[in-house]
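Look for chain A in each of the two complexes below; its partner is chain B in the first and chain C in the second.
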Partner chain A sequence: MSEVVKKFCYLNRKAPYGTIYAWESLEVVLIGAAFDQDVTLVFVDDGVYQLTKAQDTTAVGMKNFSPTYRTLGDYEVKHIFVDRESLQARGLNADDLVQVAWEDWETGEERENIVEVVDAGRVTEIIEASDVVFSF
Partner chain B sequence: MAVLHTVNKSPFERNALESCLKFAAGGAAVLLIEDGVYGVLRDTSAADKVQMALDSLQLYVLGPDLSARGFDEERIIPGVKVVDYAGFVDLATEHDKVQAWL
Partner chain C sequence: MKFAIQINEGPYQHQASDSAYHFTKAVLEKGHEVMRVFFYHDGVYNASRLTTPPQDDRHIVNRWAELAEQHDLDMVVCVAAAQRRGVVDEGEAKRNGKDATNIHPRFRISGLGQLVEAAIQSDRLVVFGD
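Right, the complex of A and B next:
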């Protein structure tokens, strides 16, 4: 484990499939897990669409990467925040989103779902408190 | 001259759908594909404009793109028809030309 632990924030603003941003962000998160940093994911604007349940890409012939979000708790991701206004503008709520469980294998601490719907002010605080922000 | 318009951008990120609905002639068909499918979902901030457009335009959405994004027919604005890839081809051949709003 590295000595300096930084707060990494991944800010996701793009819908999945239409562009490569969502998939690329996920790849970087998974790779970054190897560096033992404090990782937070934030979904705003069309980024909230990345977390919708029941994505089925069979007919479009693309890889369905949405099941990967449910495993993020195993990849050092401790917090996932979703902007409430972005959800509301799209007629969505927390029930439309996947759940992500988290467990600390050292302490045994568990959380059933780390996806949190928050107000814009909280998103601002999270970004401000981060050492590094990766924008997708 | 009947035109088939296609829109492939999210209405929350680009104004492609808005422009399409503004400039499309009455009686034209509009097919939403790729990220454009978000435009036909119910209860969104874009839904009113789409609902109004149904008075003068035929609206279609590509089912496979809707499914990929986790939505089904129950989530879309009533009056919008779901088509598959074969339906896309039919629409293209039934109309005199296709205009893409990128």
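Right, the complex of A and C next:
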């Protein structure tokens, strides 16, 4: 759809249901897939809660949009990075997070899980290497 | 340089729209281009023409509209965010069976693709919000 391919970084910083930022960020990712850009998602601070397993929103009466994260591999998302310190500070680890599979339809290349826990230094490098940072 | 601006917060509640306005005005005065101003999340409320602040305060909506008029700015309100929050133009009112509209005529409602496109086509996307 676009001849320019930029490195897009979606920086997700907020918990999923306290505010609408997480859900509306996801909507940009889903729509943005049509533009065939090089897309990376980064989760830091309370944003790491967005990827946690077994979310149940019944009691708060809000839509549980967490199943959508597992499908992101089908929406041109190639990399998902989670900040290790943010996880640790909240008593979480990689096992608490959903897995996101990815497959390249053209080459047949597959990865079982593109969610990677990384150090803050790597997060900085990823942001620096991006052409566009959508901060939510 | 070619800028795109994203505003994520509503008027008066938060400084984001004020900061974005001053930034946009400053870059235009320096001779840069602003190819789009995109209103997202509660930022869509910046487009309500029914906004009525006290007379001794700034009028955030009209101020954006005047800047847009002077510089022919493309001010886009996200349709999904607007529908959730009741920011409506004639097309949306008809489609969704609403009995009123409230968008200022200097703004237009369109999709998130306009934000992604702005990010691709501009040299810098500058985001204002929390």
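Heads up, the rule we're going with is that the second predicted complex is superposed on the first by the 135 of 136 C-alpha atoms of A that agree within 3 Å, B and C clash if a C-alpha of one lies under 4 Å from a C-alpha of the other, contacts with A are read in each partner's own complex, and residues count from 1 in each chain.
Here is the rule we go by: contacts are C-beta pairs under 8 Å (C-beta built on N, C-alpha and C of every residue); 3 or more make two chains touch, one makes a residue touch a chain.
All values reported here derive from a predicted model rather than from experimental measurement.
J.: With chain A superposed, do chain B and chain C clash or fit?
T.: fit
J.: Would you check which partner chain A:Q55 touches, where first means chain B only, second means chain C only, and both and neither mean what they say?
T.: It touches chain B, and chain C stays clear.
J.: Examine A:A129 and indicate which partner it touches, taking first as chain B and second as chain C; both and neither are also allowed.
T.: After superposing on A, A:A129 lies clear of both chain B and chain C.
J.: How wide is the angle at chain A between chain B and chain C, using CA centres, rounded to the nearest 10°?
T.: Between chain B and chain C, as viewed from chain A: 90 degrees.
J.: Looking at chain A, does chain C or chain B touch more of its residues?
T.: Of chain B and chain C, more residues of chain A lie in contact with B.
J.: Under the stated touch criterion, which partner chain does A:A120 make contact with: chain B (first), chain C (second), both, or neither?
T.: neither
J.: Is A:A34 touching anything from chain B or chain C once the two structures are fitted on A? First, second, both or neither.
T.: second
J.: Can you work out, in whole Å, how close the C-alpha atoms of chain B and chain C get once everything is superposed?
T.: So the smallest C-alpha to C-alpha spacing between these two chains is 12 Å.
J.: Give the list of chain B residues in touch with chain A in this complex.
T.: Residue list for chain B touching chain A: 8-10, 12-13, 34-35, 38, 41-45, 47, 63-65, 67-72, 75, 84-85.
J.: Within the complex, which stretch of chain C touches chain A?
T.: 6, 8, 40-41, 80-81, 111-113, 115-117, 119-121, 125, 127, 129-130
J.: What residues of chain A sit close enough to touch chain C in their complex?
T.: So the residues of chain A in touch with chain C come to 2, 4, 6, 8, 20-21, 24, 27-28, 31-32, 34-35, 37, 132-136.
J.: Which of the residues in chain A end up touching chain B in this complex?
T.: Contacts found on chain A: 14-19, 45-46, 49, 52-60, 62, 64, 66, 89-91, 96.
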